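In order of appearance the chains are A, B, C and D, and numbering begins at 1 in each one.
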Amino acid sequence: MSSFGTVFRVTTYGESHCKSVGCIVDGVPPGMDLTEADIQPQLTRRRPGQSKLSTPRNEKDQVHIQSGTELGKTLGTPIGMLVQNEDHRPHDYSETDLYPRPSHADWTYIQKYGVKSASGGGRSSARETIGRVAAGAIAEKVLAKANNVEIVAFVSAIGGVSMDRNPTDPKFQKILNTITREQVDACGPIRCPDEDIKEEMVKVIEHYRDAKDSIGGVVTCVIRNCPIGLGEPVFDKLEAKLAHAMMSLPATKGFEFGSGFYGVQIPGSKHNDPFYYDEENGRLRTKTNNSGGVQGGISNGENIYFSVAFKSAATISQEQPTATYEGKDGVLAARGRHDPSVTPRAVPIVESMAALVLCDQLLLQKAREASASIVA
Amino acid sequence: MSSFGTVFRVTTYGESHCKSVGCIVDGVPPGMDLTEADIQPQLTRRRPGQSKLSTPRNEKDQVHIQSGTELGKTLGTPIGMLVQNEDHRPHDYSETDLYPRPSHADWTYIQKYGVKSASGGGRSSARETIGRVAAGAIAEKVLAKANNVEIVAFVSAIGGVSMDRNPTDPKFQKILNTITREQVDACGPIRCPDEDIKEEMVKVIEHYRDAKDSIGGVVTCVIRNCPIGLGEPVFDKLEAKLAHAMMSLPATKGFEFGSGFYGVQIPGSKHNDPFYYDEENGRLRTKTNNSGGVQGGISNGENIYFSVAFKSAATISQEQPTATYEGKDGVLAARGRHDPSVTPRAVPIVESMAALVLCDQLLLQKAREASASIVA
Amino acid sequence: MSSFGTVFRVTTYGESHCKSVGCIVDGVPPGMDLTEADIQPQLTRRRPGQSKLSTPRNEKDQVHIQSGTELGKTLGTPIGMLVQNEDHRPHDYSETDLYPRPSHADWTYIQKYGVKSASGGGRSSARETIGRVAAGAIAEKVLAKANNVEIVAFVSAIGGVSMDRNPTDPKFQKILNTITREQVDACGPIRCPDEDIKEEMVKVIEHYRDAKDSIGGVVTCVIRNCPIGLGEPVFDKLEAKLAHAMMSLPATKGFEFGSGFYGVQIPGSKHNDPFYYDEENGRLRTKTNNSGGVQGGISNGENIYFSVAFKSAATISQEQPTATYEGKDGVLAARGRHDPSVTPRAVPIVESMAALVLCDQLLLQKAREASASIVA
Amino acid sequence: MSSFGTVFRVTTYGESHCKSVGCIVDGVPPGMDLTEADIQPQLTRRRPGQSKLSTPRNEKDQVHIQSGTELGKTLGTPIGMLVQNEDHRPHDYSETDLYPRPSHADWTYIQKYGVKSASGGGRSSARETIGRVAAGAIAEKVLAKANNVEIVAFVSAIGGVSMDRNPTDPKFQKILNTITREQVDACGPIRCPDEDIKEEMVKVIEHYRDAKDSIGGVVTCVIRNCPIGLGEPVFDKLEAKLAHAMMSLPATKGFEFGSGFYGVQIPGSKHNDPFYYDEENGRLRTKTNNSGGVQGGISNGENIYFSVAFKSAATISQEQPTATYEGKDGVLAARGRHDPSVTPRAVPIVESMAALVLCDQLLLQKAREASASIVA
């Protein structure tokens, strides 16, 4: 359904052609400075039309806070937020509407709901993510205040061009340890901080764009300074909630954290992260971090890092042999120009979902800590 | 926390050294034949000690239904189930207890809960999965009756020895289309149905066993005959719930479905699954299935298939330099013999979690369908 | 928190002085005709300023659907709705702001959230109920289509002037069996259909209004044609959910259903509702209905009826000796004119909450019924 | 369904004739002393057969902790608990099984679930409350440690014999302020601390017992030392959760808190609770407490008190004209002897449900407080 979270919870609404899209964020801590200026930057980073690598539509996507703040401070009550849809008229029906778009949600939405919206897959549009990003911006602010938590995502693969995500690779580790959003954005629209391959990535995208085709990619995200103890075993382990969050995003095909799929090849003697005493922090830490900052479903204070696979965009400009809703063979060609790769735009969305998970888990752990203190 | 599901919901309890482990399954359909004989087989498949490839302990793991059935029929009320722990005395403290085991949950459990159980990571033990498997067996029975749903998992990789999981690979597709649990079990304890590599996998495990080490692997699972329309966008898309379920299992590092991480390299023109009219079923189907049976978060009737990465077991018999809880450097050696690979045993557990997700989503979709009929 | 319901779920936002108030309704059946015209009537009935018995403010309260419909049909996606606040500027601070208003939420909100909104108790304003009423109108439409469900509430007591709510009273039974909303509204602003006492009720309210005081009352609600089988024991029995819903409304002090508090005096031999075979419906019915249409937490097809106690409005125009936030004794006098009785306005709000409960339970029961059919 | 609570959550299982009844309690604070000795007393108070006023069966009802503790300390993991059913064989079918018992759940359970259990209404048996009481005992222990919270319930009415529950009545106030469980139990099986009426109550029960009939009553409960700030507006106001909890108990017909239904007659000028500065506590308190310790859905530190109406027991020994399941008129006479009033036995059950609500709300508020501190 359209709610996510237990004590810090977002509920979203809206599809492509309705009046507005938005969300209600419940459980926001009271007494926090909060205005649209805190929320707009990530919405702007999410916005299409920022370069020739992405779709040329230029939606304004200005967020309007409806409730839950007064004189720039949160009240502890739900934050309603909305972004107007610029064009909220369902479009005229045309020839292309005879076809369920291949690998889109047009056909499954009809199967599930029995109705067909002008936008085809209704809520499956990327526009639905606006509510998530707006809510995520609030979560991030809480996390930054809680422990100076930093969440930074970047493009780590486009098609077959990929960073080495082996957790022991020095370049990869350095990026995880130091990368900032400013640096990611400074990479240009490709949002890949690996200087050795980013130009190649751009060429891959341009190649598929020119071929009226599309290509997928991988977004990697690192969370630094995550408080220790987050995650609620056994079903709500931290990685399980992160996986849930990421796989709820449009176009995702996979999630891995820490050593990930690569890690199955590393024997236990090398995969295990030995403990050592860290004088600076006055506590145990691990020498390596194949665990990806989570052990037994609970954060251990090391960097949390994970990667999300995004498939090639389903909408392509070239003709596709397929069938109509009625089952008649035919050829579908999408109108207009389309994003050859949605992966770079997914960067702030991945960050937002990570923030929503962490903020909810942080509040839950605060309840656990307090309860332990009570009975000690 | 320890509950999973919305209208078909399992709640589990138990850790390694308590009296029993078990679960309550709420929302079980009434009027269904159900006895222990329906549940024991998967518990037995889950049980350790079945071969020299796995840990030699031989727990009996007999399930006892406590409630919710009468004269072998379900009442629609919660099914309580339990399995006795054979040895439920917390063990004596010893030298090894001075060390948090690397890449185990010992240290994070203490950080989160502030207490240390004899078993170290408390609920992080694989024994916790008994309640999941018992509940999953009930879910499977419902699914089989609903649409003859078949859920079959198998080992697709051990260490670097891996089946080709490219969705267009003919051998892989054939396995997905035809594999049965009987065939998986007939493969021997390795549970890999690929004749070309299974012996090699066994050798890899034996190699690491002899080296007092461990190695990871991948479990792939296929769901056939899944009803169309399951999944609850936007946050509870079917793949999001499957990812949540799988990543809540001990030792998992990654989840992918359909084309997965490999799919990011396939251009949209090839990744898109074209529709055709299938006379036999009297409806649209897709010619290819890179989507993995889910589009827009909703099942489309094609095979659902996904893979789960399991890391190398953290408990190894060789000595590991690490630090004590107090931060003193030292060397830890686990007592006894240990599973060099937990991956084959994970097969029924993955199936069980898949069944729990599907059964809950099936009931939710039945509510949606009924509500649509009401207002039509 | 601000969400209510499991599969048909409303989430509300907004307080007195923010930009808008509204809600998101998730789980609305697809394919249903729905426009603002379906929702506005109950919002208008809820609106203050309709007579000299209630507060003179005349807010417009026009609802605007933001999402989830297209060309006047629901899509099965969340319905976002909002109502602008006419005056959304936090008012200037003044002398009265030094005092937590007695029996308002001003002080407890500060204790809980640590912040003070201009409106005092933030979300405790009756304006918060707009989102509930908008959502309830959708639920009612589903229920009407499902089984011609009728939900009608009315004022049954004002101060000490009360209808006889003894379940065996013929006049009370007749009202429960036949009353319509049109008849309730035709009673005038007092909304009491008992001709014998309604004038007296008006006089009571006028008395307290003239005394710059306020007075409480009781709203009774009947649900006719409720489908059999609604309610989810053991914790979500139908009466438990109704009680939860009603006691979440501002100013409520009690809930009773069926024979209620009066029923404790009726011996079992008379309180028990004997069964008989009803030829017309082709099923068992009960001769009496002390049970109030619910047995064992599950609807039995008889009229569901319940009553909700509303306290005297806390805001009164006369001076009240009390203390400031800082603990200094003083006298508070509310500015302006105030509703001497909120009870009549609560009528559509009670109906709305009842509809929200029933619609959610209806969908859940549809899932149960479908699952029973599957395994039969 | 069978779970209650958000972060401190109980899930129960079991009906009259299964192997055992019990529960899983999730979210229990770690590091707390806990053995069966903490839980048994309330189970024993709940047990039938303690006097000639109640049913003569003498079940042992010994609780067995299955998990979640080690060496007498909680681990923070779920506490599984069970109580064996002494006779868990479904009884032989007999003549009485032809009849749905009037005002029992026999008929509605069949309507909802489509199956008939030997015990008739399946989970509607009072035996189901064992899991609630066991869980409540843990909640109470947490609450006692948190703030020395005291929860005491007692019988305030039997049939027409009732204490004056007017909130301004001095005797009632004194009882609310001082009553202990020991005093309640010292009253004898009637559990009414009002010396002036308790003998009369006993006579009422004896009268109906001798007439092979039954009679209802009211249980009033007071919560002292409740922390300030509990309750989660707008839907999960503290009184809404208490109402939900109480109305989920078998045989309940009504819930009121603070001034309750009586309060609708008190004008605002008298109903409002004026503030004053309390030197002892160094904070504002209210001079009167018509609010019942909750304002705006949030506890204010004053005594929380509420009353729950219990109907006359539906099982009576005298013959009742009714109809069979098939609709044939006939006469039903229950076998054996039966409780003429379940009200006194409900006392510990009401306390337990109150504790479950408060403990969950306490943990939630700890999360709120922590989050407010973070962003301050």
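One rule holds for everything that comes next: contacts are C-beta pairs under 8 Å (C-beta built on N, C-alpha and C of every residue); 3 or more make two chains touch, one makes a residue touch a chain.
This one's a predicted model, so the numbers in the text were calculated from it and none came from an experiment.
Q: Work out the mean Cα position per chain and let me know which chain is farthest from chain B.
A: Checked the centroid distances; the maximum from chain B is C.
Q: Return the chain pair with more inter-chain C-beta contacts, choosing between B-D and C-D.
A: Of the two interfaces, B-D and C-D, more C-beta pairs touch across C-D.
Q: I'd like to verify one number: the distance from the centre of chain B to the centre of chain D, where each centre is the average of its C-alpha atoms, in whole angstrom.
A: So the centroids are 39 Å from each other.
Q: Just how far, in Å, is the C-alpha centre of chain D from the one of chain C?
A: 25
Q: Touching at least two other chains at once: which residues of chain C meet that condition?
A: Residues 1-3, 7, 12, 27, 30-31, 74, 76, 109, 112-114, 123, 368, 372, 376 of chain C each touch two or more of the other chains.
Q: Examine which chains touch each other and state the graph shape they make (line, ring, star, complete, other).
A: complete
Q: What part of chain B is in contact with chain C in the complex they form?
A: Its residues touching chain C are 6-8, 27, 29-32, 74, 76, 141-142, 145-146, 362-364, 366-372, 374-376.
Q: List the residues on chain D that touch chain C in their complex, please.
A: 1-4, 12, 99-100, 102-105, 107-109, 111-114, 121, 123-124, 128, 157-160, 208, 211, 213-218, 228-229, 231-237, 239-248, 250, 252-261, 263-269, 271-277, 283-284, 286, 290-292, 294-300, 309-316, 318, 320-323, 325, 327-329, 343, 365, 368, 372, 376
Q: For chain D, which residues are in contact with chain B within the complex?
A: So the residues of chain D in touch with chain B come to 1-3, 7, 9, 11-15, 17-24, 26-27, 30-31, 64-71, 73-80, 82, 90, 109, 112-115, 117-118, 122-123.
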